[in-house]
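Two complexes follow with subunit A in common, the first pairing it with subunit B and the second with subunit C.
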Partner chain A sequence: MILRRSLVVAVAATALVSATIASLTLGAVDVPVRDVIDALRGDAEPGPLREIVLELRLPRTFSAIIVGAGLAVAGALLQGALANPLASPDVIGVTGGAGFGAALILLVFPNSIALLPVGALAFGLVAATLVFAIALAGPNPGGIGRLILAGIAVSALFGAATTSLLTAYPERVQSAIFFLAGGLTSNGWTEVEVVWPYFTAGFVLAVLLIRPLDRLALGDDVAQSLGTHPRTIRLGAGMAAALLAAAAASIAGLLGFLGLVIPHVVRLAGGTSRHGYVVPVSALSGAALLLAGDTLARTIKAPIELPVGPLMVALGVPLFLFLLRRAV
Partner chain B sequence: MRARRDRALRVAVATVVALALGAGSASSAAADERIVALTPFTANTLAQLGIVPVGIGQTLGGRDRLAPALRGVRQLPLSHPNGPNLEQLAALNAQLVFSSPTWQRGHAGMRRLGMRVVESEPRSVSAMITATRNIGRIVGREAQARQRAAAAQRRIAAATRGIPRKKPRVLLLLGVGRTPYAFLENSWGGDVLRRAGARLLTGGLKANGGLARISNETVVKRNPDIIIAVPHATPENVPALARYLRTNPAWRRTSAARNKRVYVSQDNSLLQAGTDVERTIRQVRTRYLRNG
Partner chain C sequence: MEVATQPLLEVEDLCVVIGRTPILHGAELTLEAGQLVAVVGPNGAGKSTLVRAAAGLQRRSSGTVRWSGSDVRKLRRRQLARMRAFVPQRGRVPDGISVRDAVLVGRSPHVAALARPTRADHAAVEQAIERSGVAAFAERRLPTLSGGELQRVQIAVALAQQAPVLMADEPTAHLDLGATVVIARLLRGLADDGLGVVLVAHDLALAAAIADRVVVVSRGRTVAAGRAEEVLHGERLAEVWAVDAELRRDSDGRAGLSVAWLQK
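Presenting the complex of A and B:
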């Protein structure tokens, strides 16, 4: 079993390293590997090739890694905390809220386009806060069923608001389509500079929650007897997932697939549900899958860029179905 | 011999009369037909041919580009992807609808209501000339349409005179979201720019719809001299949008950004075909390319 898990970690790490190298060396413009290395070491002459590597490819590669890892970890935390295999950032309303925040900026306030990541992040967090506020109020506060139903309701609310905006501004819809479809951009470090504190807080919280989530997996009563407060852990996991998913959505739009499928792939491949294993390996695998999908999306028909969502699904679903078939 | 000549004369006269009557009935049938034109190009073309439609599609950039004869005509709001509301269309009792592939999804519903649907949304200047003739044929004003098309060709030739041999490299964008789409050669805006004396940065690329999201690496490498954005925004938003585009980290070192030649168009003349293409070409030359 240890060998199997180690093999999965090795495959995920190799995939991530390979995808990183591919992402830095492949693109619409042919940059020799020597020039890529020189640019990364700071030895390259100023010029377009250096700019392409340092200002476009490097930030995009870094963004893909943190977004992929963030979404996968968010999914792993939520599936563990809610004991629900269908849990993903969509469930706590983050995706719907972020989509609305982005649509609001793109459609209603296009002259404030620089605020797009802030809008998506803010509304993603507002939606998650609403879900938790509703779930924690009234009888049986913090119950799993209550949380999931509140998430569905808030997601529907923000989804309807986004649709209304799209209908109200049909001539501006094209600007919003790519965000809603999900995809990375080559806009330098601007977006990462806005959201890195949220990613950091989310990842730190996720690491702190690993052990309590394993206790929670034994059942609420056992967890309580071991000194863990199930409601606090669920709230903490929800907060971490909300931070990670909202920050990811503000950079890469709506990519719900990663958060749902990657933790399952890791569990099926590794043969364990221990969070000490699932959370870090999900981070590695999510980053590798998004990076590979993004590299394909911008090189297959270069210089035309395709949306990353469908390519990522095309890469991830066959693997998922293969593992699922073997598991059942 | 004389009798044969008389018979031939009678046949000729009858033929001419029949043709004249036929043409007259086609023309009056078109004039009687209740027509809706969903694009500014078809609405203006109909107006130029002396036909006032019963309804026109809502235009993106206001009503400035509409012919004066269309000012009082009912405007139909258009939504994605179905186009006009079928109830509103039915209330107008439309018989012939000039639509665009954009609203293709709604065409089945229009046909079910007994309307004839004709798609007409030219994506190049030469296609616009052909479409003008086609519209004339459909509404029974073929001769007029031919004259209009010929006059448009003359005006376009005049507007494209004196273009310098050295052409600036231009990136034409739609939208100013974080993922703007670039106009390709097979788009209306792309063709107008080319005729106005620009070299499209996206030269050689083609995609369905004439728009594609292109890599910023290509933008940096091909280094545009001029960037023009066609936004969906009101004029007061234009300075902020131009500022955003100029400071876009991916483009800030391009010649266009360095030389402050990033422009935001204030209307939709580069987005949708219009009958005033020569005016658009002149505007592009004086405002953006500075070669006119």
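Presenting the complex of A and C:
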């Protein structure tokens, strides 16, 4: 059992390292590994190769890693907190909200494109707040069923608003499609500079939630017996997931699939659902899958970039279905 | 001979309102170390609510709950978790969690937030696994276990808390006779080891056989408390459960309920 779990970690770590090397070296222009290392160590001569590595590929690689890790961790937290295998950032409205925020900027205020990450982040968090406010109201506050239903309703609302915007501005739809499909860009560090505090807060919360989520897994009564307040843990997990998913969406558009599937793959492959294993290994695997997907998307038909969202689905689904078939 | 010791748990004049419905009004319960107290009563009488409110799992409207003399309102969650463990009627059965994993989670009130479990924690986990008789399937995953085995795992999780009181809410409700007897012996044995045990039970014969004291809850209040033969007599069964029945015990410790099933 320990061997199997270690093997999964080793595979994910190897995939991440290989993908990082590939992401930094491959692309429209191939940069030799030695030049990449020189550039990273600050030893490289000023020139186009150094620029490509430091200004384009490094930020993109870093973005793919934090977005992939963030989405996977968000999914792991929500699946644990809601005791529902279907939970993902879509469920708490973040994806729908972020999609609307991005569409608003891209379609209605195209001159303020710099506000794109802020719009996606803000509306993602607004949608999640709305979902939690509804879920926490009423006679049985914090019920899982109500939270999920509120999430579906709020997502539908923002989804409809996004579709309305798309039909109202048909000539600008092209710019929004890339965001909605999900994909990274080579915009340097600008987006990361906006959203890194949200990622940090989300990851720190995630670490603190690992043990409480294990208690919650044994049921609310056992969690309470062990001194944990289930509603607080659910709210905390929801907040952390909302921060991570909204921050991820503001960098890479809508890649909700990653958050749904990665934690399942980790549980099935590792044979355990202890959060001390699932959360960090999901982060590692999510980062590896998104980075590998993004590098492929950039290089298969270079210099044309394929959208990474659909490509990742194509990569992830067969693996997921294979593991699901063998699951108990 | 009565020894004046402080009770582990004292519940006085407890009232609980859920929504706008009063569930309990005037419930009482006292528990001492080494004692097994069975809480019995008809469906909807408020037995589970009494035990849940005493355990701090259910909000109280009024009344006092004291754990070893400390008012429950003044205890932090973690402190309370070291004073009592609660075994639910049916816990969740998550996939991908082994019995040992689950019991280790039960140890969490003793492990600091980001610290690793110490050797003493692992020893407590092993002891809980051993005592509750789940060692033979400690590596198996929870969904592969039978109802009786799962209930013993729930008790093992509670024992890992090493709290002086264990409260179990109808732990045998879904179990067959054999599995029920295993749980009954385990709970009695834990009380003999010195733990205070509160058992919510529907089975009056079981309650009478293993409990030191029986607390009868009816319509939201405690109507009687004492030794089974004093409390569960024919008139009380008629009054509280509206049945013609009698508790019978013999010198071998066999207990059964003789019920006039079809006579009104």
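Heads up, the rule we're going with is that the second predicted complex is superposed on the first by the 327 of 328 C-alpha atoms of A that agree within 3 Å, B and C clash if a C-alpha of one lies under 4 Å from a C-alpha of the other, contacts with A are read in each partner's own complex, and residues count from 1 in each chain.
Simple rule for what comes next: a contact is a pair of C-beta atoms (placed from the backbone, for glycine too) under 8 Å apart; a residue touches a chain by one contact, two chains touch by 3 or more.
All figures in this text were calculated on a predicted structure; none of them were measured in a lab.
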item: When subunit B and subunit C are modelled together on subunit A, clash or fit; value: fit
item: Subunit B versus subunit C as contact partner of A:225, first or second or both or neither; value: second
item: Subunit B versus subunit C as contact partner of A:112, first or second or both or neither; value: first
item: Partner chain in contact with A:172 - subunit B first, subunit C second, else both or neither; value: first
item: Contacts of A:303 with subunit B and subunit C, given as first, second, both or neither; value: first
item: Touched partner set for A:201, first subunit B, second subunit C, both or neither; value: neither
item: Of subunit B and subunit C, the chain that contacts the larger number of subunit A residues; value: B
item: Partner chain(s) touched by A:272 [first = subunit B, second = subunit C, both, neither]; value: second
item: Subunit A as apex of subunit B and subunit C, Cα-centre angle in degrees (nearest 10); value: 150
item: Touched partner set for A:139, first subunit B, second subunit C, both or neither; value: second
item: First (subunit B), second (subunit C), both or neither touched by A:214; value: second
item: CA minimum distance (subunit B, subunit C), superposed complexes, angstrom; value: 40
item: Interface residues of subunit A shared between complexes with subunit B and subunit C; value: none
item: Residue numbers on subunit A that touch subunit B, as the complex places them; value: 27-29, 48, 51-52, 55-57, 106, 110-114, 116, 166-167, 169-176, 178-179, 183, 185-190, 298, 302-306
item: Of all residues in subunit C, those that touch subunit A in their complex; value: 19, 55-57, 76-78, 80-81, 84-88, 91-92, 94-98, 101-102, 105-106, 108-109, 111, 113-114, 139, 141, 143, 154, 157-158, 161, 169
item: Of all residues in subunit A, those that touch subunit C in their complex; value: 1, 83, 139, 207-208, 211, 214-215, 217-219, 221-222, 224-229, 267, 271-274, 328
item: Of subunit B, residues touching subunit A in the complex; value: 60, 78-80, 174-181, 205, 207, 211-218, 220-221, 223, 231-233, 236-237, 240-241, 244, 248-250, 253
